[in-house]
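In the part that follows, the structures are each spelled out as structure tokens.
Both of the next two complexes hold subunit A, though its partner changes from subunit B to subunit C.
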Partner chain A sequence: MDVRPGYFDEMYGDGSALRAPYRQYEEWFAREDPRRLLKKSADAEALFRRTGITFNVYGSEEGDERLIPFDIVPRIIAAREWARLERGIEQRVRAINAFLHDIYHRQEILRAGRIPKEVIADNDAFLPEMIGFTPPGGVYTHIVGIDLVRTDDNDFYVLEDNARTPSGVSYMLENRETMLQMFPELFTRSRVRPVSEYPRDLRSSLAATAPVRTSGRPLVAVLTPGIHNSAYFEHAFLADQMGAELVEGHDLSVVDGRIAMRTTEGPEPIDVLYRRVDDDYLDPLTFNPSSLLGVPGVMDVYRSGGITIANAPGTGIADDKAVYSYMPEIIDFYTGEKPLLQNVPTWRCSEPDSLAYVLDHLSELVVKEVHGSGGYGMLVGPAASKREISRFTRKLKASPANYIAQPTLALSTVPILTRNGLAPRHVDLRPFALVSPNTIRITPGGLTRVAMKRGSLVVNSSQGGGTKDTWVMED
Partner chain B sequence: MQLSIAHTTTYRYASPVRSGLQELRLRPRNGANQTVASWELTLEGAEHQLSFDDHYGNRVDLVSLTPGTTEIQVRAQGVVDTLDTAGVAARHVGHTPMWFYLRSTERTEVGRGVRGFCEQVQTEDDDVNRLHALSGAIRDGVAYRPGESHVASTAEEAIEVGAGVCQDHAHVFIAAARHLGHPARYVSGYLLMGNTVEQDATHAWAEAWIDGLGWVGFDVSNGISPDERYVRVATGLDYRAAAPIRGVTYGAGDESLEVELQVQVGTGGQQ
Partner chain C sequence: MLGRTAGGLYWMFRHLERSENTARLIEAGMRIALTRSDDVEKEWKSVVTTAGQKDAFLERHERFDQANVIDFLLRDRTNPSSVRSVIESARSNAREVRTALTREVWEATNDTWLTVRDTLARPVLDRELPDVLAVIRRESALVRGALHGTMLRNDIYNFARIGTFMERADNTARILDVKYYVLLPSASYVGTSLDNVQWETILRSVSAQRAYRWRSAGDASAMGIADFLILDQQLPRSLVFCYRKIDENLGYLASDYGEHHRCHELSHDLLLRLTGRNIESIFEDGLHEFLGDCIRATNTLGHAIERDYRFTA
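And then the complex of A and B:
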């Protein structure tokens, strides 16, 4: 396979030699009949379609269901590499939780002048209702998905911290399940660390943050916006896998000061609500009064100590893109350590000098909306046409504080299987961290997203990206 | 001064309620200007669910409407001992930062009208004098006249009409004070007025933060700073945040509201 010049390939490095973590896999691959593998690849697709893993694409006309492409070549991470990532993620997640507690209490980091007050004061992601309130167990972000990219043998960057309701973990689990079914022999040759503990860990980690008054086994429920949500499959899947109830807003109501679920034996109070509904829609009494997805009164029950909401409302202030640029400060301030994982250098367009630089270098930069996600509303300079750039220039000038800009990173590639054999495609990685009062558990693996189009650096599934199984090797 | 208060709110619904929740901000708390001797909430057609302190430091009671009911009654009553603190209500408690009280809300958005009041008082160089001048200017520019505004009126709308009630006065003051750089908030509470026991409605005024003094009250409608005739009940960024009763009701059709309020000196027969 030819690697893309100028880009690090995780299987072949700069193209001169096979990298160690892929040795066993390559031996196996070399002996396989490519036609059999292509056939398997088609089987995998059929399997996913049968299981029902599809997702709705936002912005597409009919909101039609689409299958996320799956590639059968695993993304392989050596034990030593993973150990480093794990430490870096843990440090970051600890810092994020300390930051959230501080920002909703004494705001020492603002008093110390390490973050300008305006970054928080003018930010819609800051939720006043959380001021002075400490969530059960002191945990704000029960589940965090940290998006990483790799640029060479040694360098990983954090692209963003997903601290609200990170999705994608069902792909991590299903991708592995599929690989185990299709290529069991691979897993006897290679010692790949399992990811199957995730649902159990998720449950025990959520249960460990149940309100103090809970007696017996805590009742955990997954709150979904419903079947029309793009991640509904994942909500149902996780509820099933961890033995939790799957509920919608209209199944719940306030009973005896708690949030109770309707059952045939009468209302049953919920201890931990793993909600996959955004803050704004969570409670029409406190937030958006027109929301039909939420549970009226849940914020009041929460603030009186009657339920745990995971993740806590208001965690968006920690993964906001404007706040992201201060992550090195945040880590240093709360842990007293240097960040183990690098931040991508970020220009804040709210600052006049930065804006001037960004406008001059649009064709080299990636510009993102501060509050956007999913790859919507962003400009990838090197791939943009002149017209797109001039259109974006106008948007930028109109509301500079709405944007940040970053250099286009030389994202690493991992081969995918094509009709013509292996071909390099760009990838990122979203590992998942589970936070309970005393521990942070990071599942060895994660979601590898891959840009299926040759040369594309956009891996988002909404933009045609696919996924791969992610292997973390035993020592 | 000892004030005895009985405040009854009755909602009547056109059809039986399917379900509903009301947040009550009806519990005065102890502070520099007041000590609560006794206080009680009683409910009809609704059940108490829980209580908590919100981010303003208000004690909130959540009640659920009894399904099938066509009328609910919320009665708050008790005795409060008050002091005249020359309008200085309190030091700041809790974690809510001062910058938060500079945020504008839908009801306190700044437009031409609010900016006009700010310009009138800009020459005052002392904070206290400037805010008193502001209060006076608003009282001159927006007449106290019930019936001209409604609960959702904004500061700018009240200025446009040139009339409003205490709620509108407070909103205009808050919007202008914030525009001038003073953190400000809305206060809902009770006022002993004139010689009558029966009051038309609960009262509202504003508080602004003045460095060195703390939260200082300004009752635009009466042209004074609160004294011992005032009882503070709840605060917030605006009426919506501090409202005595706020909620959601499902399946109740049209609702009508009746408020009965008595404020008198002494225990008023209450223990």
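And then the complex of A and C:
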């Protein structure tokens, strides 16, 4: 396979030699009949379609469900590489939780002048309702997904922290399940660390933060916006795997100071609510009054200690893209350590000098909305047309504080299987960390997203990206 | 179990049962259209009436011609009872209650949806119709098979079964009610071949032609057919059979949950209305009135179940 010049390929490096973590896989691959592999690839798709592992696309005709393309070539990470990432993620997650506690209490980091006050005060993701309140067990972000990209043998960058309701973990699990079914022989020759503990770990993490007065086994429920949500499959999947209830807002109400679900036998109180609904929709009495997805009164119950909400409301202030640019400060402030994982240099367009630079260099930069996600509303400079660039220029001038800009990173590639054999495609990685009062558990691997289009740097599923199984090798 | 989940299961199986019943109604209608050239529109009208969609149909079409009726019953999205609509609804219900289903039941339902969606993507030609109807019936049988073969016999199963038999009872009662006049003793028709065709249609629309031949030793009579479809203890589509199943499944729920509701009384009453009855007395009291009562009582029972088990807030 020819690597893409100027980009690091995780299997073939700069193209001169096969990299060590892929040795066993390559041996196997070389002996396989490509036609058999292509057939397997089609089988996998049929299997996903049949099991209903689909996602709904916003803005398309109702009921339109799509598959996320799955590529059968695994993304392989050596034990040593992973150990480094793991330490970096843990450090970051620890700092995020310390930051959240501080920002909703004494705001020492603002007093110390390490972050400008306006970044917090003018930020919609900051919830005044959380001021002075400590969530059960002191945990703010029960689940965190850290988006990483690699640019070289040694260079990993954190692209984004997902501290609200990170999604994608069901694909991590289903991708492995599919690989195990299709290529069992691969797993007997290579020692790949399992990911299947995730649902159990998630359940025990959530249960460990149940309100103090919970007696017996805590009742955990997953709150979903319903079957039309793009991530509904994942909500149902996780509820199922954890043995938790899958509830919607209209199943819940406040009964005797607790949140109870309406069962066939009457109301039954819930201890931990793993909500996959945004803050804004969580409680129409406190936030968006027109929300039908949430539970009226849940915030009052929460503040009086009647229920645990995971992740805690208001955690968005930690993964906001404007706050992201201060992460090195945040890590240093709360852990006293140097960041183990690098931040991508970020221009805050709210600052006039930065804005001027960004406007001058739009064709080289990636511009993102401060509150955006899913690859919607972003500009990839090098791939953008003149018209897109001039449209973004207008947007930036109109509301500069809404945007940040970053250099276009030389994302690493991993081969995918095409009709013409292996071909390099750009990838990112979202490992998942689970936080409980005493431990942070990081599942070895995570979700590898891959841009299926040649040369494309956008890996989001909403923009046609696919996924791969991610292998972390044993030592 | 969540009340919403119970409701999702109940409706999932009502919808699946309806898809099969509609396919069977069309099949019976087709048969009569092939054997009798006059009065075909009247037959199709009675098919649409049995499906409970006469008014909706007349909003869209002027005449009950075959092509319109078949398309309306199979494919029309504005008809909430069309096969396409009910399969879509059943699959939505299944997605909603997915955590309560085994993998087999979910996959069978999803497969049904994928298959029926493709099969009904274009208008169905006459020559394709028998195959299409067979596909619809086979798919719903696959879901039922997965349900029987893999699900625990618990409240989840009970709600699924109650949904199935509520829909089936309603369907059988409607078929009889729309056709009750051909079962009445009437001087002009008695013993004519016209009667035989009509009777056969009724039996065909509940897949009971062969079963009835076993039962009656080939001796068809109007009263015999009514007796079979209303009071037979062994025919899985007779009214008494459906009501007994509903009552049993509600009974399991009552003992599981340790709680009796109004729906349990209603279901007992409904069953009592049929046990110990004979068909002569039903004819004496008026078949049409009797069937109307059954349809209304089934409906009332449905509402009571929804309320008692908290399907909605």
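Following the convention adopted for this analysis, the second predicted complex is superposed on the first by the 470 of 475 C-alpha atoms of A that agree within 3 Å, B and C clash if a C-alpha of one lies under 4 Å from a C-alpha of the other, contacts with A are read in each partner's own complex, and residues count from 1 in each chain.
Following the convention adopted for this analysis, a contact is a pair of C-beta atoms (placed from the backbone, for glycine too) under 8 Å apart; a residue touches a chain by one contact, two chains touch by 3 or more.
Just so you know, these numbers come straight off a predicted model, no measurement behind them.
If you put the two complexes together on subunit A, you find that subunit B and subunit C both fit without a clash.
Look at A:Y232: by the touch rule set out above, it reaches subunit C but stays clear of subunit B. By the document's definition of touching, of the two partners only subunit B reaches A:G257; subunit C does not. On the chain A superposition, the C-alpha centres give an angle at subunit A of 90° between subunit B and subunit C, rounded to a multiple of 10.
Of the two partner chains placed around the shared chain by superposition, subunit C is the only one that A:D240 touches, whereas subunit B remains out of contact.
Shared-chain residue A:A383: touches no atom of subunit B or subunit C. Contact with neither subunit B nor subunit C is seen for A:A423 once the two complexes are overlaid on the shared chain. Using the contact criterion defined above for the overlaid structures, shared-chain residue A:A121 touches subunit B, although it does not reach subunit C.
In the superposed pair of complexes, A:V301 makes contact with subunit B only, with no contact to subunit C.
With chain A used as the common frame, the shortest Cα distance separating subunit B from subunit C works out to 9 Å. Overlap of the subunit B and subunit C interfaces on subunit A: residues 253. Across the interface of their complex, subunit A is touched by residues 1-4, 6, 88, 92, 95-96, 98-99, 103, 106-107, 110-111, 114, 155, 253, 257, 259, 309-310, 312-313 of subunit C.
Contact residues on subunit B toward subunit A in their complex (touch as defined above): 19, 21, 23, 49-55, 60, 62, 64, 94-97, 99-100, 102-103, 247-248. On subunit A, the positions that touch subunit C within their shared complex are 49-52, 63, 226-227, 232, 236, 239-240, 245-248, 250-251, 253, 261-266. Note for the complex: subunit A touches subunit B at residues 104-107, 110, 117, 121, 128-133, 253-254, 256-257, 284-285, 289, 296-297, 300-301, 303-306.
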